[in-house]
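Have a look at this one.
Going by the order they are written in, the chains are A, B, C, D and E; count residues from 1 in each one.
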């Protein structure tokens, strides 16, 4: 579970069937000052309505992500777990 | 299982239902000198009563974290495993 | 789930039997500017038809990767999840 | 599975019940020269009798670690897998 | 699944019983130029016959590694998945 800032979105026409209709956000890790971002961006599934600029809590848990796309065999892993109050 | 220092807390009004009532801590990895902190902060669930400034043992194990929130399908992963004696 | 650029392919004559006939791509993590690449290359299985230069979404989920090679005991983990629209 | 050097021990009075009686070591990753250590220290469970200064093989596998503490729901993950001959 | 170069071997007399008779290689991550190596060495199980200097494909998948040592409760995780053709 990491702290991140939504910095963009991504669209993929050719993709795994389990991801049809999935909203994909590009998230970067936030440092403890809650301002600086760092490292590689992560692609996460969002069903909570997060938007660009939002500070979010993300998780790499595959079980929860597969639950969101309702496909037990999907290779998805990262999802938005919460939108941090600012 | 990592060594960390609690550096803050986080609140999320919009979040995965399994996290209702969950206490969330912001933890940074501690170096071997038990003083310097480094890297990206991690968000962890705490049920042991750790507070800001405490040195804690954290784990990324999803099975144990889901047990803490009592939801087998929750996407949570990180939790406090112990408070290190100082 | 990460953002990556396909930078090459790899061939292995001696390999785990579950990987016979598998197409292997060498992918590097893309930064948020969608241009710079960084870090260690990852080897991923592709069944979506990605080629060198393509921007792809990759995942480390073992369940999904084993589904692609149709072998429940295969040690594969990374696969291409989608080809990002440019 | 990583190469590490035992650099210390840790004690936690307040901890997850599955860890009662567990010996905890603080291990740092060893480089290929088998001398330099680097990165964040990891906390690992030891049942093989490793001591400070020993070169050990450690693993992040949760299934094996839960077996060591004999608790299927424990959030433990890292354990000593072997003591490297010097 | 990563690209690596075999840089050494390791022997451990004191180890988890599931690893009796296991060949252990020390592997370092290879960069995209297929020449430079970087980061922490990883200890991997090999049953494909890789030797020092070989370029290999390695994986952190525990299910596949446990299959190789034929022990469902073993804490092993990394194994050689293929030897890259040069």
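Following the convention adopted for this analysis, contacts are C-beta pairs under 8 Å (C-beta built on N, C-alpha and C of every residue); 3 or more make two chains touch, one makes a residue touch a chain.
Predicted model only: the values in this text are computed from it and were never measured.
Counting hops only between chains that touch, chain C reaches chain E in a minimum of 1. Distance between chain centres (mean CA atoms), chain A to chain E: 31 Å.
Touching of two or more other chains is recorded for no residue of chain B. In ring order, beginning at chain A and turning toward chain B, the chains are A, B, D, E, C.
Chain D meets chain E in the complex at residues 1-3, 29-32, 38-39, 48-49, 57, 59-61, 63-65, 67-68, 79, 81-85.
The part of chain C that touches chain E in the complex is made up of residues 7-8, 10-16, 19, 24, 26, 28, 40-45, 62, 66, 73-78.
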